[in-house]
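Next come two complexes, and both contain chain A; in the first it sits with chain B, in the second with chain C.
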Partner chain A sequence: MALDVRLINFITQELAQGIAKRLARLTLVLLCVALVSFGLMMASPIDPIDAYLGPQMAQVSPEQRELIAQRWGFDAPPVVQFSHWLRQLLSGDLGWSHVYNQPVSEVIGQRFQRSIALLGGAWLLSALLGFSLGVVAGAKEGSTLDKIISTYAYITASTPAFWLAILAVLLFSVFLGWTPTCCAGPTGILSQQVSLAQRLHHLVLPIATLALLGIANITLHTRHRMLEFMRSEVATHAFAQGASRLDVAWRHGIRHACLPAMTLAFASLGELFGGSILIEQVFAYPGLGQATVAAGLRSDIPLLLGIALFTALFVSIGNLMADSLYGVIDPRIKLGDL
Partner chain B sequence: MIRHQPRLRALLSAGITLLLIMGLIASQWLLGDTPQQMQFDARLAPPSLAHWFGTDALGRELWARTLAGLSISFWVGCLAALLSTLIALSLAALAALSRRLDALVSLLIDTLLSVPHLILLMLIAFALGGGTQAVIIAVAATHWPSLARVLRAELLHLRQAPYVRISRALGKSRWFVLHSHLLPHLLPHCLIGALLLFPHAILHEAALTFLGFGLSPSQPAVGVLLAEAMRYLTGGYWWLGVFPGLGLLIMVLCFARLGSNLRRAL
Partner chain C sequence: MLTIEQLSLRLPHYGTGYAAWWKRSWATCLDNLSLHFLTGEVHALVGASGAGKSLLAYAIMGLLPASARLNGQLCYQGQLLDKRSQKTLRGRELALIPQSLNALDPLVRTQRQVAWAAERAGQSSGSARQSARQALDHYRLDTRAQQAYAHELSGGMARRVLTAMAHVSQAQLVIADEPTVGLDPHQRQRVLAALRDLADQGKTVILITHDLRHALPIADRVTIMRSGKLIETAPAHAFQGTGRSLTNAYSQALWLALPDNAFTLPKPCAASIADKAAGIKAQQEISVA
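Coming up: the complex of A and B.
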């Protein structure tokens, strides 16, 4: 009894230490992201006052410019500007987006709500389909099915995401007319009145395209793991005992391959988000990706910085989940390694 | 036959890729200014014998524009992959020199990997004000981490090799060991790393240009062609969207296969 208690204490302590270490690293990395992206914005040749003024640029005298610079603190040295920005950031104020005329945090919140349906759907679909295709292909190396699946995966791994989206629009929206060509709902209807069915109708094609691209990576990785396993001594032993290929793949192979696949799925969130920027652009889907492009093209620096930090947090949490899952699913992995 | 001979496969794909590159370079000479020539009597003409890939809204030949776009992509990709490999190699060498630098480099890698590639690319292209140079630098600056990790691991492993330890014991300096023992060993890794980076570099260049952050719209880059095609999609002018992307896919596929075949052969 006493031993059990001590063991549990030991494990929780190790776990807490591991998590604390991870969180410290996460904070440090996020701070670095803030520093790097702020530095990049400072280096930009685009004048923040011009970007703020927009078309009214010509009507403003040099004296007024100076006043604006003073008001926004552009005349202070970069270090002071950075510490000021960081202090505001910590108090939850991400600044004001002049493109959307809203606080940055509100823009990100609203846009992310729309993007999460796209991202989540594509993520689940690509993880599940990618894993099963990889298992099927890897279970029997060199079979016709394996050849078809690997060729498909190799080709989609080299396909430009936005081109695939263009093809999808051409085929399904323009020629077949099955799905709408743009936006998150029918035009001319307020976003609150769009029904769930309409919403899904607009989401089907973007999700399918994004998932189709994400599948390749997970499939190739899982296939590789399965091949590795089918050649291992464990598999040979099982075959010698008379187990069929299906049996070995189903009972042993899947367990061997599922952990790396899951890690990869969580670790590929950045790639997924990058893909969603392109796909939202092609389908004119008003999500976070489209806001990113608008912020960049129209020099909305606070929004761009906010999105960079937000996505870094999103990706880092994905990586953290990937690492933590390892310990949960496979208890052989030491907790201290978390 | 070929499938069991990795060297032959690598040679074959190297041959195909070389042919592709030579074709692209030759086309640059032969085309002249065909990609920019407008024919107002043949605007938005569908593919036919006279216009192989069809023409765009200004009557420019799409096949010529696609070829020109692919050679731009090729050069941008080449430079970016080369620069990226150089960054990876030097940072891996730095990381292998001391513990403190190692921690710094791995923090940098973690930082870059935690921002989605495309957003980082946009930030860098934004900071440099766009244009060809900005794209090359942005792509080079974002693609080195994975290769740097491989090279760093290889270096740390090599440092314990007997011949390196003997060399050190004989009183050779760190720099001597690095450039006369370790670097020659790393070069094949670098070559394959650069080749594997190349497809990513091209795809990201095209994506960045497509979004409007990259090459200027006056150049016939693949990203520009596809961004133009977006405006005519609903009109059913399918050739504008299909052919440039198909060309890009074929080029990327060639290089990706060459990279993985070479890695298997060596």
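Coming up: the complex of A and C.
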């Protein structure tokens, strides 16, 4: 009994230490992301006031421009601007987006709600489909099924996302007319009134195109690991026990192929974010990706920094989840070791 | 029980560098082997590393790589062994205790793996679990070891798990590939005694080893192999004294080379071996200096 209590104490202590270490690391990562994105925005040739004014640029006198600059704080040196932003962030305020004329946190919140459906759907689809295709292809090297799957994976792995999206729109939306060409719901209807079926209808094509790219990557890596495993001593031993190929792949292979697939799936979260920017652009889907593009083109620094921070946080949490899941699958890996 | 007739095995041997694209020669790994294994015997296959002992085991089990070229015949209980019959007999009639401890799946608990082996031998999942527990108990693995993963076991424990997996299949022919490597004398005795036990139950045990000394106490017959060729098959009791009843010079030399036998040799022979040993030692000392 006493031993149990001590063991539990030890484990919780180790866990707490691990979590503290990770939090410290995460803070550092976020700070670096903020600094780099701020630096890049400062170096960008887009003038925030011109971008803000748009076509009315010519009607504004230099005095008025100065007033605007003062109002938004563009006249202060970059270090002051950044430290001002940081101080506000520490008090929980992400700032004001001048593009959407809304608090940044609200913009991200609204946009993320739509993006999470797209991202989550594409992520789940690519992870599950990619993994199963990889297992099937790798279980029997050189079979017809393996050849079909790997050919398909090689082709999609070398296809750019936006090009595929354009082709998909052309085929399914314009030519066949099965899916809508744009947006998250029918035009002319308030977003609150859009039904679930309509939402899904608008999501199908973006999710499919976004997932297609992730699938190829995960399939190829899973297949490779399966091939390796089927030649390993563990597999040979299982064959010696009279196991069929299916038995070996199902009972042993899947566990072994899980690790690389999971690493990739969680690591691809960042890629998925990048891909979603292009896909949302093509499908005119009003998600976080479009907000990112708008913030970049119109030099909306608080919004861009907010999105960058949020994305970094999202991806980091994904990686943390992958790390903690490793220990569940492979008993040789424990969270404390990482 | 098992008859091997004029078995030859060749494996492809590719050239190095760019030559690997077109140059392919064949390496003869087993050369015209004819052997007969009897029911209820422990038959030791002895030979140096690379003599083809393990390949013979894989040939019997039908686990050779697809590129291997096999000639000759294998007959198991009067039935010709081909790819298909090997597939049905594996695990039920033929069992292999592999040489490497890496053959245990690192991601699956011990007891579960043994239960899977029993299931593959045709048991239902419930009885498989039970016989796995019994087999592991039989090899004195406690509950903790049964619930452990492979990396948490010692070398001896892992060996015993592998033996238990062959045991649970109730196969009539058990091939043990170097089952005593890396074990202390006590553990080694245990593993060898377990194999003897299997033979006494009427099963056939093929014991593959490079150590004649450890094989002799439990073996009924011994086959000496050298670079893919069969040198001699002799009853275990032929290995005694000066090994006069052995017909082949290589097996005689192998027997006499055992450290215990250097002292029972006739004087001139012992002297020459002792001289040789002294010479080697002197050379080593010189090279170290």
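Note that in this section the second predicted complex is superposed on the first by the 301 of 338 C-alpha atoms of A that agree within 3 Å, B and C clash if a C-alpha of one lies under 4 Å from a C-alpha of the other, contacts with A are read in each partner's own complex, and residues count from 1 in each chain.
Quick note on the criterion: contacts are C-beta pairs under 8 Å (C-beta built on N, C-alpha and C of every residue); 3 or more make two chains touch, one makes a residue touch a chain.
A quick note: this is a predicted structure, and the numbers were derived from the prediction, not measured.
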item: Which of chain B and chain C A:T292 touches, first, second, both or neither; value: first
item: Touching partner for A:V234 - first (chain B), second (chain C), both, neither; value: second
item: Touched partner set for A:R255, first chain B, second chain C, both or neither; value: second
item: Touched partner set for A:A243, first chain B, second chain C, both or neither; value: second
item: Partner chain in contact with A:S158 - chain B first, chain C second, else both or neither; value: first
item: Touching partner for A:A137 - first (chain B), second (chain C), both, neither; value: neither
item: First, second, both or neither for A:I218, with chain B first and chain C second; value: neither
item: More chain A residues in contact [chain B versus chain C]; value: B
item: Contact residues of chain A, present in both the chain B and the chain C interface; value: none
item: Residue ranges of chain C in contact with chain A within the complex; value: 61, 63, 87-92, 95-96, 98, 100, 102-108, 116-117, 120-121, 149, 151, 165, 169
item: Contacting residues of chain B [partner chain A, same complex]; value: 107-108, 110-111, 113-120, 122-129, 199, 203, 206-207, 210-213, 226, 229-230, 233-234, 236, 238, 241-242, 245, 248-249, 252-253, 256-257
item: Chain C partner contacts - residues on chain A that touch it in the complex; value: 232-234, 236-243, 247, 251-252, 255-256, 329-332
item: Residue ranges of chain A in contact with chain B within the complex; value: 25, 28-30, 32-33, 36-37, 40-41, 43-46, 154-155, 157-163, 166-167, 169-170, 174-175, 181, 270-271, 273-274, 277-278, 281-282, 292-293, 296-297, 299, 304, 307-308, 311-312, 315-316, 319
